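Scrolling down, you'll hit the structures one after another.
Below, chain A partners chain B and then partners chain C, in two separate complexes.
Showing the complex of A and B:
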């Protein structure tokens, strides 16, 4: 690589970080949607960016997004599918006036994730290829394990209120039934949207976007709108309440969670993080928040990084799907180049988190929180309508209805991931055609 | 042990059956058979928490009025139930209910069975929302702690206070055994559901159904994987304090566990999880039609299992927490309330003592 190319890569890394960081602040705008549009722009005006800088630019945007998108997730309650679990502890911190600290904790987690990616390079090169091969031959039932665990480990919220067996049973099962309903409806929605293109053909790569926005972001915003929860004054602390033990535990759990999510299809960073949290027995909220930051970064960035490992070349994640037709890495040099991009972009986006979090806190404490939520909702509508038209809006409406069930019955939001998981398990197991025939979707 | 540990152990144990691994492989039948190990690995707790607990009726209820909080009365209600067990010798169960304030707000309280002082302590904590986030400063300023001394000597086996806040509260069972009243936490847990006999019956049902669908030559494998998953759960639970009714319905008493570690012990659970995943990978590889690596059993045991676990153990030993951090926020808040009450009590005693001395001098 000559010095000119290296300079171009550096410039576009910085540019990608800044653009990605700013766009991350827009509620419900997913980086994969932005990347798809950015690629369309590049096709039309290729002079805007040299081809050699293409992977660096997209990776930088992804790193910045994985870091900074936590801010709208946490403060406005408009998460994506990977950040959905950080909302509750984030709001808990906000109620205690410590929203700033929570945001920075996830940023620290993202930095930890980048350190882990560097340290795990030998593992990615020499061990992961074996695991990938074993996984590939057993994918159907391994994905089914995630479904079983998600469903079986959702307990009733206690033994229920009421004096009779039936009263207590129905009270306690309300959340379980809502969880199962969410799961079943999401799975059915997945059968339809994964087998029918319901958005305009030129935007077919955005087909699943309105569904995810509805399930997670719009449902989250509506939940906050009706909760009438006042935001207490937020303290901008000079330091964070965490020692190296907590940091180590958070990074350890998050790495396992993000690692699982980055190699198992349809498993998100949030689900991976929850499972890793259970495996490592974490109870402290700070560990949870850090681990979710780690998990999210490894889920998005790590999955894309795997594409650059020459001994592996694992195609996982939306960014790989977008860039694969244009670019295929073969050398160690490309791997270490992209690792450098991750480190530079990670450091820059971490620094960006401080002013952006401060700015968001000032906004939510000085402007009526409900007005901000309404504006966020309007932005979401504009984005979804602009990209996918009325059909996308309809899909978003349906999925919002499903996403609101767990919000109001206190069941797990992760049940919404059945939208991808169930179809993938069935199609991997060879039952796809039969299912499509049964529902007359063939 | 934790649900995930049972789940992973169940899958790992099923992978020791070569025929099941070959059936699960996509180059074979692409069967979901190994997932049954996980399903049955978590099944005993599912039966308890999703079904069994609702059928365990209580003799006494603690259902406090949110507008008239009286921790003393609550402690006395629990004490009455315990005295009932002591005096009559019958098995007495008490259900603690949460204190609901509004749709999303609950009053948290903590119940502690203090074996040293032989008393029940109830501490009223902060208001929490349904996400269990507490509202700072919402704990009662006065009348926060209630205590009740019981007649019989109490034996508390759970080992930590119970925090009651959202949705529902725990049930306790009191039974006179020898010269003490034993406090059983969740008397409905690990009884009939944690029985090898029930595991066998459920697995037989799986065997029957699978045989009808997949044929009699393969159906028994589904039953076997299910039974192994169910059995590993019961066996692993024996490592904790609470055992199980291993041969229910032939033996109904809940045996005590081996007390090797707490069910929630993070390091023990993670070590077993790691062991389960690595063993699973080894079995999936060695029984695959075409293995991807050829590391021998002993080499794998040493390099992939033993050495990483030893490193993990050493890191935990030298860099891990030195004190018990496995405490809920509510427990910490309750401890502070008790410490504060103790301090006030000490100051009062000191004042009384000083007053007595001054009084003596004056006299």
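Showing the complex of A and C:
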């Protein structure tokens, strides 16, 4: 690589971090939507970015997004599929006036994730190829185990409520049924959208985007719009309430969770983090928040990084799917280049977190957050309509309906991930054609 | 620990919340009542959460039913290979064209190249060959096919069409024309033909055996690649010079030279008799001389390998 190319990569890394960081502040806007739009712009005006800087730019945007998007998720709501679990403890912190601290805790987690990705390089090079082989042969039942865990870890939240036996029974089962309903409807939605192109053909590369926006982002916005959450004054703490032991525990649990999510298809950082937390017996809220930060970063960034490991070239994650038609990394040089991009972008976006969190706190204490949510909703509508037309809006509407069930009936939002998980398990197991025939989708 | 408190500038949100549950007439707490039970004042109209709960269910179930109905009615669009670009990644489409070649891999994998006149695309199924065999829709070179699958684009492997449902491969077998070698010309490129000829040259190379067969009208090259030969038992039967064989394949061109691309090496039939007298094959003498040259150039190692293989076969017998 010549010095000119290196300079271009550095410039586009900084640019990607800044653009990604700023756009991450828009609630409900997913990085994969932004990447889709960025790619369309690049197709039209390729002179805007040299091809050599393409992976660096998109990786920098991804790193910034994984770091900074937790801020609007926590303070304003509308989290993505990987951040759904961090919202509740995050909002608990916010109601105590410690939202700033919670945001920094997840940022510390993200920074820890980047350190872990660098340290795990030998593991990625030498051990992961073996794990990949084992994974490939056993993928169907591994994913099935994740589904079983997801469904069985939903617990009856209303048990003990109600005066009569029937009332108590109904309360106990209400959210379990809601979880199962969300799971079943999402799975059915997945059968449809993964086997029919419902959006315009030349937008197929963004085909599942409206569904994810509906299930997670729009449903989250609506949930927050109907709620009347009072935001108490927030404190800007100069320190965080953790010691190195807790920090280590959080990073360890998050690395396992994010690692699982980055190699197992359709498992998100959130689910991975929950499983890792349960496996390592973590109870502390602080560990949970840190581990979710780690898990989210490894889920998004780590999955894309695996594509660059020459001994592995694992194709996982939305960003890989978007960029795979355009380039394939082959050499160690490309791996270390992208690792340096992650480190630069990770450090920059961590530093960006402080002013951006302060700015968000000021914003939500000065402006009614409902207004912010309405603006976010309008932006999302414009993007979805612009990219996928009326059919995309229809898909988004149906998905929003499904995404609102866990919001209003108090079950886990991660059940919505059945939209990918179930079809993948069934098709991996060789049952795809039979299922499609049954639903007349063949 | 030094801490700094942000001043709250917007109206006290808790007070704002209280305004919604206190009667503006008498100031008493009325909670979620729409009319004050104490003084009868109408409260500001509020939308019940139950409304949103029910709306979510209606949208989810109703919308999904409508989506399913639309999807059932919607058939994958027929497109041309030349239309496909990076934006078509993951699109479920239909491609119609002629099969150029078929390859099988592993236990249940199959892939074949389809040319629709605007370009060629690799259609592949990681599993489903057995199912296709059962259905009788395994295509062969020269056949017309209609394939439904999802477009997969990678910089490394190029463009391919992933077949999820083996039944979605519809095959119209190609019409095979029995011709003499003089009809195997560039004008007939892509046509499926059946040719009978005598093996004049059998040039064994690392990548396979390049046959030249002749009849009373001329000679043509028939390349048999290692992958073709490996699938056929006793393949020596049709690589022996002087034997007459019947070949089915498509007329093709390679580096300006016309050749017959064999559809399936298994289909090659060795004839028992000698119906084509060698002396009647145009250019036979020169070809025979070339064959002798090839024979003499064959390395001792190759000859040894052949002898060893032959001995092993005899011993096994």
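Note that in this section the second predicted complex is superposed on the first by the 435 of 442 C-alpha atoms of A that agree within 3 Å, B and C clash if a C-alpha of one lies under 4 Å from a C-alpha of the other, contacts with A are read in each partner's own complex, and residues count from 1 in each chain.
The criterion applied here is as follows: a contact is a pair of C-beta atoms (placed from the backbone, for glycine too) under 8 Å apart; a residue touches a chain by one contact, two chains touch by 3 or more.
Owing to the predicted nature of the structure, the values given are computational and were not obtained by experimental measurement.
With both complexes superposed on chain A, which partner does A:397 reach: first (chain B), second (chain C), both or neither?
It touches chain C, and chain B stays clear.
Does chain B (first) or chain C (second) touch A:156, or do both, or does neither?
In the superposed model, A:156 contacts chain B only, not chain C.
Which of the two partners, first being chain B and second being chain C, lies in contact with A:430: first, second, both, or neither?
Touch status of A:430: both partners.
Can you tell me whether chain B or chain C touches more residues on chain A?
The partner making contact with more of chain A's residues is C.
Who does A:46 touch here: chain B (first), chain C (second), both, or neither?
Neither partner.
Considering only the touch criterion stated at the top, classify A:386 as touching first (chain B), second (chain C), both, or neither.
In the superposed model, A:386 contacts neither chain B nor chain C.
Once the structures are superposed on A, label A:405 by its partner contacts, choosing first (chain B), second (chain C), both or neither.
The answer is second: A:405 touches chain C but not chain B.
Tell me the contact category for A:133 with respect to chain B and chain C: first, second, both or neither.
In the superposed model, A:133 contacts chain B only, not chain C.
Counting only touches as set out at the top, which of chain B and chain C does A:439 meet: first, second, both, neither?
second
For chain A, which residues lie in the overlap of the chain B contacts and the chain C contacts?
430
Where on chain A is chain B touching in the complex?
88, 91-92, 95-96, 130-131, 133-134, 136-141, 144-145, 148-149, 152-153, 155-161, 163, 165, 168-169, 172-173, 176, 227, 244-245, 248, 275, 278-284, 410, 428-430
Give every residue of chain C touching chain A within the complex, in rising order.
These residues of chain C touch chain A: 1-10, 13-14, 16-17, 20, 47, 49, 52-53, 55-64, 66-68, 70-72, 74, 76-77, 79, 85-93, 127, 131, 151, 153-156, 164-168.
Tell me, which parts of chain B touch chain A in their complex?
These residues of chain B touch chain A: 2-5, 7, 11, 24-27, 30-35, 38-39, 42-43, 46, 49-50, 53-57, 61, 95, 97-98, 100, 104, 129-133, 135-136, 166-171, 264-267, 269-270, 273, 281, 284-285, 288, 292-293, 319-321, 325-326, 328.
Tell me, which parts of chain A touch chain C in their complex?
39-40, 43, 185, 188-189, 192, 195-198, 201-205, 207, 222, 226, 228, 230-231, 233-239, 315, 321, 324-328, 361-362, 365-368, 394-395, 397-398, 400-402, 404-405, 407-409, 427, 430, 432-433, 436-437, 439-442
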